[in-house]
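Structures follow.
Below are two complexes that have chain A in common, paired first with chain B and then with chain C.
== the complex of A and B ==
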């Protein structure tokens, strides 16, 4: 599947106004979205690389060759996305004594049964792979190969490790989604977890208070991302239609924001 | 001339070109012709004659002659001559203009030689060197006192006149602006009033300087969605005009009529949005909104009806015919709301038909609104990836629930009447049949309490589900019961009505439920068979009174072929003459007949079967049970009597 994208930067003072404009354009209320995003990095498992050298090349069967190519081919970062809600974050008043809360888990659940608690074991996940955007396209949109797959709930790290991915870091994306015909418009910004003493080596089991999250961009500005998914990237006709749709949106939003292609290398997902 | 705004810079001479005033003209005439007093008829006649003699008559004659003489060549010559004259005049004027230009150029060449040179003719450049002519200002001769006074008076007059006309113009402009302000205020007040009523006001996409009001439905089909926008124009006096462009302004609505046989028995009334003033903009917007809704409704109805041809729905250009039951038909068409002929064709209407027409009219509208909601829901979901295949919008379910309901109702009535008939047959034979337990439309009756927007949608969702009704009853045999479910599914396959006949019959453990049946005949056969088995098992289970048996053995009817309704009397004295009973049951009657079978065990059939003497088949039917004289009042009496013979 291919993904065609246009991006725009939205300063924080324009955010509210743009939300209104987008709501008017798409004739729908924004859908607020909060996503946990875990970054995994592919690594080569030691011992798997069995490239033979010598004069016995023709002994390799076609399948083996393919497997080798897969294993020794490009390595990519990939991310696992899990939707969360604002209620999943801790109430800010309780946040300081997080350690005691962790210690007395049972007590906490007993004392405040109505309070919504974040359950890491029930967290749904989706694996999202994004390739580096295609180079040398004359079209003024970013296009890249993408794939998504649903994952089991709960702790995702063992499965990912089994597939040859190791956990790198995680962040939270906060934003609003609009849908305009085939275009998904996502006005979002990246939030960082509050700095803790020890760098965590695995995804967090609980979430800190939402107010403690800090924006990646200090001014708190947003990114407007307009995207269309295309089933068959080799079909020139559909790709053209999709970019036409995006250009149409760019034209409509011209007076508000300037949608443009992203720098290809800034969206590089290859692991080096 | 006095009206136009003229500057007092205009030369005073022009003033003298104006037509002479009357006294001057009279003076001229007096000078020329003498006093008016001398004018009389004779003098005038003489004058006319003189005039005509001098030029009139010859001219006429000449004219006649010329008309006859002048041929085309002469006329051409004359034409050429005239043209040459014109050309000559033009050349001459051109020459004069060129001379003037040369003169001015030569004069200017003193001061700005470069510029003046460009407009000089070549000849002049040859003969006269640049800058050889100069102009100087000379003091004019002092004008006479009276001339100066005249000039100042005239110019003062001019100025006053122009001030007057200027002030007139300003006053007119002021009053025009005044009315303009009033009408603008009125326009904007009305626009505000419309906005305060909650309508969406926006700029028109095509005509950026005009205002529009959106009254259409955002989730409608694009054609109708785009029609839901009309511009708000301002009339001369500032009142608001709703301009819908080329769309006709009349209110239209989808009319639902019920036809019984060939007669239209009822028709639904147009629904008008409540509004006080018929002429108000609010009313017109509401009417436009209703019309666009009704037209979309009809469009979708036709779209759906075309896909329902298999259910007997037919479409004409502006008519949809839906068969409801055997002789009832529903007609749907789009008509003008103010059409006079609507009411006239209506004959006496029965209350049920009116209810049916109104109910259907309401249901299709509610379902269209529901479809709009579903569209919104679909639209705000993440879209599927783009493919080259075009996505088609499925037809809405507007008529299908109603059609399903009618079909279900017909089947339900049939089944109910059938069951009642067969139960009446059984009752007439003296059997004590328990009452049926009926639950109709079990799927379509959700509780109507605490309706929130979400629960309204789930409520409506149930209309699109298959309709189900259940009949339950207990049989005569102990611990036996049967259940018949009718399901009508019109939205998704399997289409049509299905019966699900199931029973609990411990006496016949081998008997399997026939499962889902879709034919009436098969359902009838299945139900009849169950009741037949019930009757047979009832007969066989009853202990016959022992007093009738001479040797004290217990006689008993044994069901040998229960599925054929055949029983054999056990404990018979002679094996050569076994008595056999045959039970026949259908929806009209129950008949019992006995045979004497000559066989060892009585099981054999064929030529040796003889109908027992003076035992005619005894029948019970629901109709004739009371009127006909029956030998035996109840079936069980007959059974006992037959056994004891």
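== the complex of A and C ==
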């Protein structure tokens, strides 16, 4: 599958306005999203991997084949993404950041009478592979090969190790998703876990209070990502249509944000 | 009467050429005034006027320089001249007095010239004088204002102009009188359509009143098209530009490292 993308940097002061503008444009309320993202890096030469390791039994054969294929392709960084909700974060006395409430989402952590405990063993995961964006395309959109596959719940590290991937780091992405025709608009930012004494070598079993999360970008700015997935990347016609749709969106948002192609090397997933 | 020397013929030829140039530039000014609608640019009119003025100067200089020769010359038809077919030209050539119309022009020019000279020698500003020819009278009735009259005019004019200006509500493309008579009938001489923006001024006033609560929105003309475009995100009271460039954020999201 191919993915066509445009990005824009959104200063924090513009975030609220842009949410409203996007809600107007797409005629939908934003869907708030919180994701744990684990970065894994290949450490083994491809071709040495056996798939008969524990942890992969849950996989359906189709998924298994796909995962095999994309993991054996080369040395790449890859991401494992797990959706979480704000209720999964530890409840603390501090009210959550006002900015996160703004999107009209329910404040679960305050209203829930029974404390919801985050269960790492039940955390669903999805493996998301992204290739380095295609080079030398004349079109002004970022286009890259992508694939994703669902993974077993719970501790993902043994499976990933078995495939030759080691855990690098993890962060949380917080944002809002809009759908505009065939375009997925994701207005998001990266949150860091609070600095702990020991550098974690594996994904966290529990989540800290949400208010303790700090933004990667100190000013709290957001990234606007507009993407279209194209099933058949070799079909020039559909690729062209998709990029034209993205250009249409860029034109519509021109006065608010400047959507543009990302620097190819900043999306380089190859592991050196 | 001796025949003309080659030099003298050359002088005659030169005067002919200069007169031809003068008539040509006059004709081009007249045709541009008559034919082009709307009127040509003021700058082009002015350049044409200065060309004509230069032509006049060169003709005048030339005639003055060779005054001796030109006054002593007499035209008469040679035996080989086709007087039957070219009778009109012959009559023009043999005329010793000016055409009555031309005599009027010359007389008017002379009076204007002597008056201007008199005014300028006595220290008056000749630009103020209003020659009758401009107003369309056949004879020069315009007299320059005396110094006292000028002073009176200058005292009166600024105050009166200011009062007149205060009586009007400035802004917009049309005056009240023009609007009452229908703005379609106004001859502006302009290519572009002027909009009557009287109707929208009320809204603007309202906008200005609660402008404090409103977001500042930049408006500019769409490039290459009609209509307006709004810069929704152009200004903000507490603008904080992102510190980390987009590329670094994406790199971190991809590899977990900033660089």
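The rule we apply is simple: the second predicted complex is superposed on the first by the 221 of 272 C-alpha atoms of A that agree within 3 Å, B and C clash if a C-alpha of one lies under 4 Å from a C-alpha of the other, contacts with A are read in each partner's own complex, and residues count from 1 in each chain.
Basically, contacts are C-beta pairs under 8 Å (C-beta built on N, C-alpha and C of every residue); 3 or more make two chains touch, one makes a residue touch a chain.
Treat the numbers as computed from the prediction; the structure is a model and nothing was measured.
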Chain B and chain C placed together on chain A: clash or fit? clash
| said: Applying the document's definition of touch, where does A:27 land relative to chain B and chain C: first, second, both, or neither? | reply: first
Item to complete: Scan A:231 for contacts with chain B and chain C and give back first, second, both or neither.
Response: first
**Which of chain B and chain C A:182 touches, first, second, both or neither** = first
Of the two partners chain B and chain C, more of chain A gets touched by chain C
In the overlaid three-chain picture, which partner chain does A:262 touch, first (chain B) or second (chain C), both, or neither? second
Examine A:223 and indicate which partner it touches, taking first as chain B and second as chain C; both and neither are also allowed. second
Looking at the overlay, does A:9 come into contact with chain B only (first), chain C only (second), both, or neither? second
A:190 contacts which: chain B (first), chain C (second), both, neither? second
_If we overlay the two complexes on their shared chain A, which of chain B and chain C does A:85 touch? Say first, second, both or neither._
neither
>> With both complexes superposed on chain A, which partner does A:244 reach: first (chain B), second (chain C), both or neither?
In response: neither
Chain C residues touching chain A in their complex are 229-234, 236, 238-256
Within the complex, chain B is touched by chain A residues 1, 27-28, 31, 179, 181-184, 228-232, 235, 237-238, 241-242
So, in the complex, the side of chain B touching chain A is made of residues 218, 376, 379-388
The residues of chain A that touch chain C in their complex are 7-9, 11-14, 17-18, 21, 37, 39, 41, 77, 130, 168-169, 171, 173, 190, 216-221, 223, 255-257, 262-263, 265-269
